[in-house]
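Pasting in a structure now, in structure tokens, and then I'll have a few things to ask.
Chain naming follows the written order as A, B, C and D, and within any one chain the residues start at number 1.
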Amino acid sequence: MNEKDCFGIVGGDKRQIALAESIAADGYRVYVYGFDLAEEIRGVVLADWKDGFDPCETVILPLPVMATKGFLNAPYSSEKIPLNDVFAEKLRDKMVFGGRLRPVYATSPVWNAIEARDYSEREEFAVCNAISTAEGAIQTAMESYEGTLHGSSCLVAGFGRIGKALSWMLRGIGADVTVSARKASDLAWIELYGYRAVRTEEIRGRYDLVFNTIPAPVFSQRVLEWMPSDTILIDLASLPGGIDAAAAEKLGLRMIRALSLPGKVAPKSAGEIIKETVYNMMEEA
Amino acid sequence: MNEKDCFGIVGGDKRQIALAESIAADGYRVYVYGFDLAEEIRGVVLADWKDGFDPCETVILPLPVMATKGFLNAPYSSEKIPLNDVFAEKLRDKMVFGGRLRPVYATSPVWNAIEARDYSEREEFAVCNAISTAEGAIQTAMESYEGTLHGSSCLVAGFGRIGKALSWMLRGIGADVTVSARKASDLAWIELYGYRAVRTEEIRGRYDLVFNTIPAPVFSQRVLEWMPSDTILIDLASLPGGIDAAAAEKLGLRMIRALSLPGKVAPKSAGEIIKETVYNMMEEA
Amino acid sequence: MNEKDCFGIVGGDKRQIALAESIAADGYRVYVYGFDLAEEIRGVVLADWKDGFDPCETVILPLPVMATKGFLNAPYSSEKIPLNDVFAEKLRDKMVFGGRLRPVYATSPVWNAIEARDYSEREEFAVCNAISTAEGAIQTAMESYEGTLHGSSCLVAGFGRIGKALSWMLRGIGADVTVSARKASDLAWIELYGYRAVRTEEIRGRYDLVFNTIPAPVFSQRVLEWMPSDTILIDLASLPGGIDAAAAEKLGLRMIRALSLPGKVAPKSAGEIIKETVYNMMEEA
Amino acid sequence: MNEKDCFGIVGGDKRQIALAESIAADGYRVYVYGFDLAEEIRGVVLADWKDGFDPCETVILPLPVMATKGFLNAPYSSEKIPLNDVFAEKLRDKMVFGGRLRPVYATSPVWNAIEARDYSEREEFAVCNAISTAEGAIQTAMESYEGTLHGSSCLVAGFGRIGKALSWMLRGIGADVTVSARKASDLAWIELYGYRAVRTEEIRGRYDLVFNTIPAPVFSQRVLEWMPSDTILIDLASLPGGIDAAAAEKLGLRMIRALSLPGKVAPKSAGEIIKETVYNMMEEA
């Protein structure tokens, strides 16, 4: 990386603040735009986006770039920041990074001329986010469950990134962990890591806590009927999730939908993850 | 244990409710006294303490037995229950268990004729409570810290029961764990379990989170001055604790005092622990 | 699976013996062929391959099926068993399973009419074998290294199946584990699981033990020159391996080539793995 | 420690060689006595014990100091070294450390005037040795058992130092670990660490491997009769051990007596442990 690199952090929430501070702590110059409502951000220069993003060569937009249609995701800005031709023009000739970038291309034809890349599509970003999500799920479980997770019986449905991170941590604090998967090779890995394995289509039995990570209707009424009434269900899969909420309610089961955990429970780590991913992308460029 | 045993659960908080339900689920008859304000308690008979505790042969009092001087610790009772000669008489010829029993002996001379034992003084009770405390400390840390514990740098001061349980769990979720102790043999154990070891008198350096379990003034101003300003300090040692609160405040360090965690974060497990300890004591009797 | 299934176990080493005993213990009828030199095999019927494999509906051949060109891999048979048209004819209308089956197709055109499947190509077989290989590598290391693995500094090169299993176990016994990989996402996983991560192309530094799992020339003379002279190198990658043996010798480094570990160190587990894989394949059939 | 300290390493096996090299690597001057048959010892000066131990201020004797009655334990010396008045005189005014020192006091009255301390009686020495013993036990098990320890069912009898270290490591490589103890508090710790707990007096059931650490007749014929015939028994307790060898043989069970493992499997670590313990003792002096 060029020692003279200067970064512009434009919009976003606590994650972008952590990102800005962390890049500054690495010794780079950092300008932040859209943060006039934020408390102190250490080591950076506050600047006004209306003046453009010079002298920054690299600009990092938030995740997601656009929360409300047509506007930058910028909760710490006192003014709304419109995503339009004027905004896009300011990014010309910059190296631009953003999270869930795709929708912004519809806001201005200028975007087609901008060298922009999406960090949220990178595999290492997804892996690191899975850690935060897993830890957020554990915090949620601790807050909800009246026993200790240590010694409790937990089911993790799905052995993708979040399932892997979550089962590892649950075993680490002493829970009795069962993990479900469909593929025989995943079931073999599950046993390697010291968990009990169960085929997803054969989920039965009694658990104190059920964590779903599968974005498909796995926990139908038929499956939920097997659960004791004090089972706690935590759905981590993106909407509509994998647990039949209506059936859960009818059966008197407690269900918690836990989404976007990294930004909520660990903004500092989330900022670090964005930074590391962007650094990786810059090195590969 | 005698199949005909009948238990009386007298006073206490959610832990005693969990205890009552758990004993009932083991197939014993259970009467509860002092719970007219509680929601449903499954599998038990509600009874009035004024009528005495027959037919129960075994009576379990809460932890602590006496919270306000002269009265039973009974937050779910609409009436205050005085600890006096009348109350003590009802316990004659029962096998009585209680937590922190000693102060009740001053409430009536009858107590000297009662066969009463203190479960809170048992070693296995303390060990199991350490697990709950450790898990409560982790929950507290997750709620306070803006990063993930996974990958964070944690110091656990002290390698007693809570230090052992806490360091084990922290490593289990992927924190970078340093543990302090004074004895060379403890330092050897600390390394065996895969943590970094540091002598308590040489605590220095930068940690994201510091957990104190030592009931002695370890974290004096001189030690706290080594800490970066965003370190989070969690004091688990009983009052007055081991962290100089005034110095911490002066230095701008965030300090959290976390006491009586088992009853707060995991009443269900706390009830189980009391039950197992009482069962052990009955077997040995 | 059909309760009436009868299995023929034909040729092979201790793994096939363990396989035969394990299937028999599941309640199936098992005939073994090519084992007249073996000690007692519990629960099976010894039979002569020359009479054909009836009444077995399912026949399991060894891994590999052919060790010496033109002959069945059958070290416990007093006679050599030729792989030819006669042998192949005996398998017609059977359900045949074998390990590394491909070369046998050249031994007779009859094979094209046989319903044969290769269990060694299954993912779950490979995963379970990775566990055995990892454990064999640890045993090899313990036998070679004059210190304890606990507290030693270990490098695992490669984060494929064997790298994953090996690093997990090494950490489990308290080694200080560094794992190398090339992909950023693998490096993220490595950190998730609590190991140090290093890019494969930047391997440097001092380790007590180096385990290579990468079948490519990673440990060239240039890399080996970084190693202290008492480093122990264990090459687990299939021939020609990933460590420059000549350079290692020139530099005075101790190098051990450890191949085919599962069959050597854990034939019983290896037999279990074949059984589970074959059962899975039969269920899917 | 005094920078000018000069150490004399007198007699002993590979552990003393490792000790000498390790002290030399710390920058001290080291003289070795009784090693004329040894291969190269790095960084030390070979000297003749007959000339006395000057200029060394500190002398470290082996563990045990005396193997054959009346002679120093010195397998690498071409001549026998008698423990008598002459030898003892050479140690006057030195600071002497040794392992199992007590019997040498009978070899000369001069010993009463020597400032000698026993490192083998130190708690941290015992803890670190327990790690080596545990790892040696695992190596022994891997060499004996035809399956993988991963996934095997292991019983560790006793939760003293070796039991603690061994169960931790066995779980770490993925065995299914049951630990026996007598005290309720130990049973609570066992569960904390994620193992199954069983009372020593109620040991029953089927295990692939049984590790005994209790120096008392726990595994009597009556208990051994519960074991399947392919159970492997490894007795780590000092003689006469805790397993009835005659009964085991009669029942056809395979029993391995594994003693003095640290010196055998990990002399380098054993030397480190002696060094660390001696350093601790010097600091405290």
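Note that a contact is a pair of C-beta atoms (placed from the backbone, for glycine too) under 8 Å apart; a residue touches a chain by one contact, two chains touch by 3 or more.
Given the structure is predicted, the values throughout are model-derived calculations rather than measurements.
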By C-beta contact count, C-D versus A-C, the higher one is C-D
Computed over C-alpha atoms, the centroid farthest from that of chain A is that of chain D
Chain C and chain D have mean C-alpha positions lying a whole-number Å distance apart equal to 35
Per the C-alpha means, the centres of chain B and chain C lie apart by a whole-Å value of 50
Per the C-alpha means, the centres of chain A and chain C lie apart by a whole-Å value of 38
Where chain C touches two or more other chains simultaneously, the residues are 131, 150-151, 168, 171, 174, 192-193
The answer for chain B against chain A in the complex is residues 14, 18, 131-132, 134-135, 138-139, 142-143, 145-151, 168-169, 171-174, 265-269, 272
Per the touch rule, the chain C residues reaching chain A in their complex are 122-124, 126-128, 130-131, 164-165, 168, 183-185, 187-189, 192-193, 277, 280
As the complex stands, chain C meets chain B at residues 150-151, 171, 174, 191-194
